[in-house]
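Labels for the chains are A, B, C and D, by order of writing; each one numbers its residues from 1.
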Amino acid sequence: MKQKIASSLDAAIADIPDGARIMFGGFGGAGFPNSLIQALSKKGVKNITAISNNCGTREGELGVMFKNGQVKHVICSFPGPHANYFQERFAKGEVTCELVPQGILCERMRTAAAGLLGFYTTVGVGTEVAIGKEERVLDGRRCILELPIHADYALIKAQRADELGNLTYRLAARNFNPIMAKAAKFTIVEVEEIVPVGAIPPEDVITPAIFVHRIVHAKGMRFAG
Amino acid sequence: MTEKARLTREQIAQRAAQELYDGAYVNLGWGIPNLIADYLPRGLTVYFHSENGILGMGRRAKPGEEDFDLVDAMKVPVTLIPGASIFHQADAHLMTRGGHLDIAVLGGFQVSEKGDLANWKIPGSKGSGGIGGAMDIASGSKKLIVCMEHNTKEGAPKIVRSCNYPLTGLECVDTIVTDLAVIDVTPEGLVLRETAPGWTAEEVQARTEAQLIVRSAVPQMKLA
Amino acid sequence: MKQKIASSLDAAIADIPDGARIMFGGFGGAGFPNSLIQALSKKGVKNITAISNNCGTREGELGVMFKNGQVKHVICSFPGPHANYFQERFAKGEVTCELVPQGILCERMRTAAAGLLGFYTTVGVGTEVAIGKEERVLDGRRCILELPIHADYALIKAQRADELGNLTYRLAARNFNPIMAKAAKFTIVEVEEIVPVGAIPPEDVITPAIFVHRIVHAKGMRFAG
Amino acid sequence: MTEKARLTREQIAQRAAQELYDGAYVNLGWGIPNLIADYLPRGLTVYFHSENGILGMGRRAKPGEEDFDLVDAMKVPVTLIPGASIFHQADAHLMTRGGHLDIAVLGGFQVSEKGDLANWKIPGSKGSGGIGGAMDIASGSKKLIVCMEHNTKEGAPKIVRSCNYPLTGLECVDTIVTDLAVIDVTPEGLVLRETAPGWTAEEVQARTEAQLIVRSAVPQMKLA
């Protein structure tokens, strides 16, 4: 069996280089890989392209990465009301930002995961989101072409992994995590519990081990609203 | 001139709640729509959807009862009702775009006479802005209701001939519930269905840029 | 609460009209809505467009529908080695057939489910599958445009439903069923067990009730290979 | 002229099994590929994928042990190994197309010198034909191996300059394992990696339409 379990948070992210494209799971304070983000921040990885629903809550979640100036570009749907470190850098032009409708963000990642090359949607037609995108009519409806979002890494949070990398999530902490696990070339998951292979019933697996490349144990971290 | 009393935000939510029906799958957006759950008519079971992968949200969690892995799209700890289900964000938006939700209620900055919606960005505002799930929700719900004040704080109409705020979606709004009126977007144009208590159709039209269609007598809202 | 439970198999399919477009779940003998198919056959619904991975096993599964001449067009990936009733009608020109690669069949249904209008894929490029389809180059790769597959009804099989329509499936009997439930306008499910609302833990639900419109209890039927 | 002995179908499977490695995620197609699981080198754990939504298939079920809700893509009752998972058919093919499978092994009617594969339909055959999962699998696996006889029953070459059978996919094959040879598809062309025991490179080339690249001495397959 491949050994996927990293000995520490630092070891789990040790090979992530400057300039990496990284997806970060989490929504609404739940399901963020906060321990991995802290480790990445400590390592000082730079020039990251971050793909995430939002841009941090003050120093929490992705906030610390913006505070430290580690992110050069972000693809997100909703930076959020407390993404002050992001907004400061954005105002100075130190971070660029592509805003994507939330469901389209999911679909563009899933398109990458599924080996497809693009899709047509009515979402965003006639809005700022459509600028620069191919528009056409299909089935009598105006639609725009959306392209896949790929990433070198996904940093995600799950509740439980078996030693092979099969994952389960707790309640709404699931959110973006299973999609990003499928979409990135290399997925690193922090989990609160690692169980032996076979401990998760096959029908209960949410993210099959094929999508998970490294596992690290971490006590869940959470940042207040 | 002192204006007559308009509906409060809570009253707008209360009127909008009357648009829901038993067994409906419903998404509530930020702002006034988020107040609607508090005014659900008694005996109605509605399955509230959240973009982060919940169907069947119940009331907000009480102090001490909060589970921060179970939050709504506004990050508020919630509860689940029997029959709830959990899924990932892509499936949550498959529901919004795919026509699976019976009703979605969003806030609005402007609605045009064709039902275009602007609700995510104020022109000239600083910062990046943020879209969230609004564009997906606007694109696919069976019925889209917008709840908003009828006019800006400066008195400018928000129901306009054509939106000049950045758009959320084209021809997506079905019904507008404001502090002055209930208005349906129809192929013929905007139909004034109800006015706020004490307001006439003419008074509502005077505060609306778009032309309203007034069919016979327009009843006043009932907010029992 | 909406009453979704039909009193009988006949009642469950009573309103399906001639000419309906119907998706049928099942793969490899598992997860077929065989009781519903038998009822549909008995009712004599005609001119059906059937969307299904295969075309029956002798009289079993969809076979009886072809035997009775109830299907005019089929969209499938692999009719199967024992689809003799389909092949007879096909040879006589009484049934037309669109062959679709199996994963693309899934994606085209999912595209309908997700409210999208089409997608680009490399699958089928340069093959018979590409005939008549738009071809272009994206990201340096030849790809073809695939369009959504919609349906009026999905007839599916699950193991368990709660009274609201939340579903779970047994092992590989899951296969196409959850995708079709999402894609069709109206989904009718036969289940071996109906449990009270709340009996299925929210995290264990595979098909949320929003996708299920009618439920009927039926003892699982299975046809030999 | 009596030909020398070629590999049996089982021996082709046995040689192909040597291409698998510990921890690999692998899909096996109809025909010879389906025999490979029986020849897995000892001590290797391979996670077999099935298009109907299984990862981690184990051996076939023994008589009396069959569960007909747990079948492979050939409808054969199978078992699960520890760490297996179950998912729906769309996710199963997200894996095939999306580059998630390490190795896929398919049967073949013809392979061209560029690695085009024809494996789903014989020209002029009656009936509808059937594609199944082959086109998705051919499009996305990290490594695609084709197992087949080197020649048709009539002696015609199946490794050809250009396929004249209906295609499954363009430039998708990485390695061909036949009853005469192991051949790699490279940017330079088809490289003869091994021959069957007792066969020379010249003899293999004589039975191959496409040009084979022979780099120094070509070893013979080891089928211990």
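Note that a residue touches a chain if its C-beta (ideal position, glycine included) is under 8 Å from a C-beta of that chain, and two chains touch if they have at least 3 such contacts.
Predicted model only: the values in this text are computed from it and were never measured.
Chemist: Between chain B and chain D, how many steps is the shortest route if every step has to go to a touching chain?
Modeler: Contact-graph shortest path, chain B to chain D, evaluates to 2.
Chemist: I'd like to verify one number: the distance from the centre of chain A to the centre of chain C, where each centre is the average of its C-alpha atoms, in whole angstrom.
Modeler: Computed from C-alpha means, the inter-chain centre distance equals 33 Å.
Chemist: Could you please state the distance in Å, as a whole number, between where the Cα atoms of chain C are centred and where those of chain D are centred?
Modeler: Chain C and chain D have C-alpha centres separated by 30 Å.
Chemist: Report the inter-centroid distance (CA atoms only) between chain B and chain C in whole Å.
Modeler: 35
Chemist: Where in chain A do residues touch two or more of the other chains?
Modeler: Residues 107, 110, 114-116, 121-122, 170-171, 174, 202-203 of chain A each touch two or more of the other chains.
Chemist: Note the residues in chain B that touch 2 or more other chains, in rising order.
Modeler: In chain B, residues 86-87, 93-94, 96-97, 139 touch at least two other chains, as defined above.
Chemist: Among the chains present, which pairs are found to touch?
Modeler: Going through each pair of chains, those in contact are A-B, A-C, A-D, B-C, C-D.
Chemist: List the residues on chain A that touch chain C in their complex, please.
Modeler: Residues 107, 111, 114-122, 138-139, 141, 143, 147, 168-171, 174, 202-204 of chain A touch chain C in their complex.
Chemist: Which of the residues in chain D end up touching chain A in this complex?
Modeler: 22-23, 25, 45, 47, 49, 55-56, 80, 82-87, 91, 93-101, 139-140
Chemist: Provide the residue numbers of chain C that touch chain B in the complex, in ascending order.
Modeler: Per the touch definition, chain C meets chain B at residues 1-2, 110, 112-116, 162, 164, 166, 182, 197-198, 202-203, 205, 208-211.
Chemist: Residues of chain A touching chain B in their complex?
Modeler: Those in contact with chain B are residues 27-31, 53-54, 76-80, 86-87, 90-91, 97, 99-104, 106-107, 109-110, 121-129, 142, 170-179, 206, 222, 225.
Chemist: Please output the residues of chain D touching chain C within their complex, sorted ascending.
Modeler: The contact residues of chain D facing chain C are 50-54, 67-75, 86-90, 92-94, 96-97, 116, 121, 126-136, 139, 166-170.
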